[in-house]
Amino acid sequence: MTPLLEALDWVLTADSWTGPGGLGVRAGEHLLYSLLAVGLSALVALPAGLLIGHTGRGRGIAVVSTGVTRALPTLGVITLVALAAGIGLTAPMVAFIVLAVPSILAGAYSGVEAVDPQIVDAARAQGMSPVQVLLGVEVPLGMRLILGGVRLATLQVVATATLAAYVGAGGLGRPLFLGLRNYDYAMMLGASIVVILLAVVLDALFALGQRLLARRPGTA
Amino acid sequence: MIEFRQVSKTYPDGTAAVEDFSLTVPSHTTTVLLGSSGCGKTTLLRMVNRMVEPTAGSVRIDDVDVATVRPVALRRSIGYVMQNSGLMPHRRVVEDIATVPRLNGVPRAEARRRAMELMEVVGLDPQLARRHPGQLSGGQQQRVGVARALADDPNILLMDEPFGAVDPLVRLELQRELRRLQDDLRKTIVFVTHDIDEALALGDQIVVLRPGGRTAQVGTPRELVEAPADDFVSRFLGLGEGRRKLRAAPRPGGGQVVTDDAGRPLGVLDDADGGPSADAGE
Amino acid sequence: MEWILENLPHILELTLDHLLLSAPAVLAAFLLSLPLGRLAVRLPRLREPLVGGIGLLYAIPSLPLFIVLPLILGTSIREPLNAVVALTLFGLALMVRSAADAFGSVEEDVRLAAVAVGHSAGGRFLTVELPLAGPALLAGLRVVSVSTISLVSVSAVLGVTSLGSLFTDGFERGIVAAIVAGIVTTAALALVLDLLLVALGRVLMPWRRPVPRRSASRSAEKGAA
């Protein structure tokens, strides 16, 4: 257990968190990358997914592209883009977005599809326009699954953001790879523990959100 | 007045649901489309608010072809009640009833006020206003459905087996209330059902349909019972069955006792008039 | 292209390594999920702790897990066993839920009917429940198989040999072809295994077409690190 104690000691030392390369800055970068990637992905994937769910068109393409990206090794995508675009944030961002888009897309269209068609029919029959049906009925009722897609994407991106450091960007992968290179297991382990905590806390927040949504009447 | 002019509907999968159907629905009366499941009733009803587009022919409301009216605007001007109430599970009762007025731009407070009024009109406890549909009984849900359809005071009310999913006692209660409402409101109602008793109870005019949306007979309840056009109608009305073969016999205290074919008493007929007064039927 | 042809034996070797890491993990996750999933259905009160608890593993990023796990296993980070255990845990996180759902969907009355016919508990599991749950189990297994294969590569940054080594080598030495070959081979491997699973399903469950569309599209998936 000594390595664990050393790692915890390192994580709990104030010095490890302060300064330009400290855990504080790295954790901030890690979160920033993740939010940026999920945000950018959602900007494209949410409207597209909602549209696919609402119209039922393009579903085949969405399913196939989700399957293909699921089979894509992220490390491969990152290194490939990094060779083309150079060291820095571009390559990881591209990879994160490739990773996040299908999850958000799938959550959005399956959320809309899960809404009882009779309720949608009733909404149309009252004279709601397609946009009103989508925003007033399909999105609120499908919200739990839509959020589930964003949750999955966030989880994947936070996990993968560790690899950003492999191609020269920041994030919590920095101390991890630094420890790996210098045979400093305490640093490696400490950084790993911080990443795990970050991911678990974020996921718990999403789980809480979904649980609250599930309590709302009628949620699919 | 609603006119179906030689409408047909063939669904994309090739099902010919309605073929060459024509009908005039007079204003301020209740017309019942009566037929067994799958004969095209819903298809016909939904042509009126353009939830279904006919593949041939046209539907006209007061001499305007509905195909020339924007569907969204058309639907907001027509009340629609469906079998499973179709209430929004995520909205409170009062919000759901206020849907169409809100869509038509009525301010929120005003729409709510009207919704509360309507709850009383359809016999709902105002206490239920803040409930969600999942917290209501089947009968209460249907009342909310009716209130929602009436919310912006439409001239036309389309009702698709609205009482089909509630238990028989509640169904009778709802039918009675609808009659009471209609006496006051005098909407143009198109009412779909496969229940002959319901048709006789509610219809000013009844259209008996064969499969494929073809008309078997159109007439008042009385005309149908008195002179069914053919065997199909006669069988559909159950005129051959014991329970519609009624007998009357003199009663010691005056008047007549009405019984069914098996001799079970159904009610009493006064001597005063021979009109359709007896509580026969149900 | 030239690089790929020259290094074909090397790529094949790495593919085998890749397979030796992922296949045992997928198999272990599947086999472990069956009793756990069945238990979750038999004892509804255990369901949430069991399914939810194991599902939590899924939130743990894989690269950090590869690093933390040796603490518990006493292995070294580069040992294949370490990677296999980590991958098994991820597979299990997905598969336990699928298994619980699959067994849960085996209709109660079918089960009751089988009891009446006189199967023993064990016989009933093998002859009735397992076949009926089969299509849904297969759907879950396919997701686990595909995501495990793409997940293996990450361990390459720690020095575990797999198709992922093509990414690390390719990146360090600037060989685009190596990375492309790695991506294509990984995806192809995932596809081949998926087709094999589908074929296996057809052979074992000829009475049903596998994979209910909804459940497949809704199943979770796991990213890299």
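Order as written gives the chain letters A, B and C; numbering starts at 1 within each chain.
Please note the rule applied: contacts are C-beta pairs under 8 Å (C-beta built on N, C-alpha and C of every residue); 3 or more make two chains touch, one makes a residue touch a chain.
Please read these numbers as outputs of a predicted model, since none were measured by experiment.
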Of the other chains, whose C-alpha centre is the longest way from the centre of chain C? B
Identify the chain pair joined by the greatest number of C-beta pairs in contact. A-C
Averaging the CA atoms per chain, pick out the one whose centre lands closest to the mean of every protein CA shown. A
Report, in whole Å, the distance between the mean C-alpha point of chain B and the mean C-alpha point of chain C. 55
Any idea how many Å lie between the Cα centroids of chain A and chain B? 51
Centre-to-centre distance between chain C and chain A (centres being mean Cα positions), rounded to whole Å: 21
Touching residues (chain side chain A, partner chain B) in the complex: 116, 118-119, 121-129, 132, 137, 140-141, 216-219
For a test of understanding, state which residues of chain B touch chain A in their complex under the given definition. 46, 49, 51, 72-77, 80, 82, 84, 86-90, 99-100, 103, 132-135, 148
Which residues, counting only chain C, touch chain A once they are in their complex? 56, 58-65, 67-68, 71, 143, 146-147, 149-150, 152-154, 156-158, 163-164, 166-168, 170-171, 174, 176, 179-180, 182-183, 186-187, 190-191, 214, 217-218, 220-225
Okay, in this complex, where on chain A does chain C touch? 1, 3-4, 63, 66-68, 70-80, 82-84, 99, 102-103, 106, 110, 145, 152, 155-163, 166-167, 173, 176-177, 180, 188-189, 191-193, 195-196, 199-200, 203-204
